[in-house]
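All chains are identified by letter, namely A, B, C, D and E, in their written order; residue positions are counted from 1 within each chain.
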Amino acid sequence: MSLILPLLAAVPLLGAIAAVLAPRAGKGIGLGVAIVLLAALAVLVGGLNTPVVLPLGGWEPPLGIALRVDGLAAAFLGLAAVVMTGVLIAAPYRGAGREAAAFWPLALLLWGALNAIFLSRDLFNLYVGLELLTLAAVALAALSGSAGALAAAIRYMVFALMGSLLFLLGVALTYAAHGALDLAALPGRNPQPTDALAAGLMTAGLLVKTALFPFHAWLAPAHSGAPAPASAMLSALVPKASFYILLRLWFEALPDLGRPGFLWLMGALGTAAILYGGVMALRQARLKLVIAYSTVAQIGYLFLVFPLAGGGGAAQPWAAGAWTGVVFHALAHGLAKAAMFLCAGLWLAAAGNDRIEALRGAARATPMAVFAFALAAISLMGLPPSGGFTAKYLMVTSAFAAGAPYWALGPLLGGLLAAAYLYRPIAAAFAPVEPELRPVPRGQQAVPLALALGAIVLGLASAPPFDLLQIGRPEAAARGVE
Amino acid sequence: MGDVFSVILTSAALLFYVAGTVGLIRFPDTHSRLHALTKADNLGLGLLILGLMAQADGWVTLGKLLLTWVLALIAAGAAAQLVARTALGDRR
Amino acid sequence: MTLAFDLVLCAMIVGAAICAAVAGTIFAAAVFFIVYGIFVSLAWLRLDAFDVALAEAAMGAGLTGILLLRALGRMPASEDRPGPALAPALAGAGLALALGWAFLALPESAGLGPVVRNAAPGAGAENPVTAVLLAFRAWDTLLETIVLLAALLGVWALSRDEAWGLPPGLPQRVRPDGVLAGFGRILPPIGAVVGVYLVWAGTSRPGGAFQGGTVLAAVALLVSMAGLAQAPRVTSGALRLVLVAGPLVFLGMAFIGAVLSLWQPGAAFLALPEAHAKSLILGIELMLTLSIAVTLAALVAGPPEDRA
Amino acid sequence: MNVTVLGLCGALLVGIGVFAFLWQRHLLRRVLAFNVIGSGIFLYLGAAGARGGAADPVPHALIITGIVVALSASALAVALVLAHLHASSATRLPEDEP
Amino acid sequence: MSGWFMFLATVLLLSLAGALWRVWSGPSQADRMMAAQLVGTGGVGVVLLLAAAGDWAMIDVAVVLALLAAFAAVAFVKAQTPQGAGDPEDDADG
């Protein structure tokens, strides 16, 4: 294990450096990184029984920084590895031109930032990881260089910088009050009156970065304006990183601060995001915007974890189900959303634009891609037998068990809205007309199909990931399982 | 002895600095203001450094004091010339 | 007396910040920001944070100022019409009040100062800040050099396709016998000496790779602005090797530790063998300095451009 | 006492920066405001670390890292703003155009 | 002695408010930039006085400030020429 964790943290960065040195070999380097990381993850997950902690440089916290892998970290590392592998296989950049020379190293840096965040237990280190993630993501959002993409990237950056600063402010206040940055040191801290302000600032910053309604304005233009492989990373993975930090913060470091009003507000904003994102997705004429607004809605589900499993509710029997359901949702959404954006990229290239009408007849021209899109849609709608279904089932039953059925409203209505806004592209694809699409090689359609199948498999074989998530699960969410 | 020397020279330095600032505020046009500024730079900082040399704790500090002066002289001189030329063509 | 100084200093800092926020033209705002940076580095001296004062003077006031001035030169002079002021003013005032209250409500000092000072000599650096940066929190520092690289890749990606492959920034024109060229000949040697000195001194005194690298970056920019040397093309392999040399050596050393840890109990990822820690830290710092200097210079110069 | 003055000054700078960040529309001015907020946070943290008499070196190291990160972000932001200016002749975001 | 230096540093710092006023009122860009130069040299002076009053280790900051103050002026001059890449002494850029 003393080698696996450094591999996970450093290999994407080494790959990015190699891709800077040899831009033409970008794809090969990326795939090499993917193979190493998938192998390392397999070894890690195979041998993971209890959380693994690695103090870097041999310096134990509070002096040094420790990396730690538990079930949650392993699940998100796995999600990043699977989605990034798919994206790197699908990305079409060749040669040493501007876009290729930027895409490969930036994509690998984005991966490195994600892994650094998923492994880190140190608040300031998380800040540095978030900034690395933001810079790589903004640069990828601007990659096409069009006026619209540049404006979207700038808007993204304005929000992200504000979010970073708020988070940093909270971190500074935490260090000033407790002399500690290590998450594990915070539950046993000596409570201070400034704790609520520090936690509020960190949370506000992370909410902006996660694009929770009403901080969502930057998301749709940035995700839809990026090239498809970049959109897949931005939508499937990047908001998950800041949400992951929120989970760590509220379920492990500072669970005692979760007042009912705050938890209720998070749930309410999450529900609002589900409804707002769904309605906006319904009103879009361009496929990439539909998928991007769907991300706004899907992010909302994640925040139901606060009222259902946070604060004093953590001791209740339903909390474990809600917590696991939300993590399942994050994983299933990541796989499904990456598949959808990759499909959208194929159709954009084949049709010349990404209007929904342009998809008419796509089922004949690109059957595998349409199948992949439909499978991903099943998971997003929460229909069985998908990861999305397992997630929603857990959330809805927890809501009823908690005696708060109104928290089930979001998932139920959100599923209907998802069905409505995803019906349009699927119906267009199955329209009985001659397609006006240029042919797409089957190899390219296979990648989104594999990702979408992953989202389904997550529902069919939910036991192994379920068991994985129990390893080192935060006490606040574990107490209810017994 | 060294302290008296320091007090006299640093006081004089402050006088030049203040004079430079007053000039910067009161003089009517860009070029005469530039003139005031260069005076303050060269003489104010020069006198200050001269005065502080008596307080230096060693040769390295003395060397760094001189280096600071040299840098300020070069920078002020060259920058003033360049800014003056830019001011000639300042249309905004 | 020191309290009077601090009060005046804070008044100047806040005054410069307010002026930078509300100045009528963006040019005035940028100049106020440069002035602000100078005052802030004085505040760091008052807090006995000499390393930070150096970093603020070199980066906050220096390079950020140059970055803004160069960007302004490319912008049309336009009126700044801000939005409605009420909500932003309330947000700003509310946050400032909350933070001010929190500062007064903080418990007695809760820092790690004594712990760091005890452990620093064993980490190979007498300057505790350098020990934190390159030993205890080396992972932060490594990621931070990668952040610089990510920003540069992002900046380069913004070039137009026609300009891709040219040197960073604009082609510079300078009269060979003019003041500008002369300036560019006198200052760089001095600046280079100062930059290298800051790195070399950094293990025991204030200074280090970031401060020294920033000074060297400013020197490189001056050489380029004075037209004395042409920057290499962004596709140049040598340039790219220099850009990544620091992080690569840092990561390489870290990995050697991880591999050694398989059979050597004291070794670990990012750990330096204690016997050679001092020389290794200096070596890593020198490589980092080189990469930081070139990356910062390229960042400020901007994406390659072909409009002469 | 002296340290408290500088800490409160940091808090005030954050407020001023947030005001400017939200109020200004010109993108370069927002980059500038971002930097004011950043240095305000650093000053706040540094002053908090200096309260015990001897200065705490950990915040100093964090702040140096933070300054480098802020400079990187500013450089990318400025390059984005210039590229946006060339592409659409605008110094603001589309929704902020008068 | 260190009390005297602190006093001088305070007065010197206070006098820089005049330079701030000039940055505010301009009117030309060169005026503003010159005033910033004065703050730069004044700042160097304040650092030296603080160093003399306290710890000479601060002097490195003065060296760096003096060095970079000059660079800011060059960047300004460059930025003022058309396209931001010329030489103000060149007739073509006048």
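Criterion: contacts are C-beta pairs under 8 Å (C-beta built on N, C-alpha and C of every residue); 3 or more make two chains touch, one makes a residue touch a chain.
Treat the numbers as computed from the prediction; the structure is a model and nothing was measured.
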Co-neighbours of chain A and chain C resolve to D
Could you tell me the least number of steps, going only between chains that touch, from chain A to chain D? 1
Give the chain pair that accounts for the most C-beta pairs in contact. C-D
Please flag the chain sitting at the greatest distance from chain C, going by CA centroids. A
Averaged over CA atoms, how far is the centre of chain B from the centre of chain E? Could you give it in whole Å? 10
Please compute the C-alpha centroid of chain D, do the same for chain E, then give the distance between them in whole Å. 21
Chain centre separation in whole Å, for chain C relative to chain B (CA means): 27
Report, in whole Å, the distance between the mean C-alpha point of chain A and the mean C-alpha point of chain E. 47
Expected list for chain A, residues touching two or more other chains, is 124, 128, 131, 135, 138-139, 142, 145, 150, 169, 175-176
What are the residues of chain C that contact at least two other chains? 2, 46, 48, 63, 72, 74, 99, 102-103, 106, 111-112, 116, 137, 140, 144, 147, 150-151, 154, 158, 160, 179-180, 183, 187, 190, 194
Residues of chain D touching 2+ other chains? 14, 21, 44, 48-49, 58-59, 62, 65, 69, 72-73, 76, 80-81, 83
Dump the list of chain pairs that touch, please. A-C, A-D, B-C, B-E, C-D, C-E
Which residues of chain C touch chain A once you look at their complex with the stated criterion? 98-99, 102-103, 105-107, 110-112, 115-116, 119, 135-140, 143-144, 146-147, 149-151, 153-154, 156-161, 164, 235, 237, 240-241, 243-244, 247-248, 251, 254-255, 257-259, 261-262, 266-272
Along chain C, where are the residues that touch chain E in the complex? 1-2, 4-5, 8-9, 12, 15-16, 19, 23, 27-28, 31-32, 34-35, 38-39, 41-42, 45-46, 48, 50, 53-54, 57-58, 61-63, 65-66, 69-70, 72-74, 169-175, 178-181, 183, 187, 190-191, 194, 198, 201, 205-207, 211, 215, 218, 221-222, 225-227, 307-308
Going by the contact rule at the top, pick out the chain B residues touching chain C in the complex. 67, 70-71, 74-75, 78, 81-82, 92
Interface with chain C, chain A side, in the complex: residues 2-3, 5-7, 9-10, 13-14, 16-17, 20-21, 23, 54-59, 62-65, 96-99, 101-102, 105-106, 109, 112, 116, 122, 124-125, 128-129, 131-132, 135-136, 138-139, 142-143, 145, 150, 169, 173, 175-179, 190, 192-194, 197-198
Seen from chain E, its contact residues with chain C in the complex are 3, 6-7, 9-10, 13-14, 16-17, 19-20, 23-24, 26, 29, 32-33, 35-36, 39-40, 43, 46-47, 50, 55, 57-58, 60-61, 63-65, 67-68, 70-72, 74-81, 83-90, 93
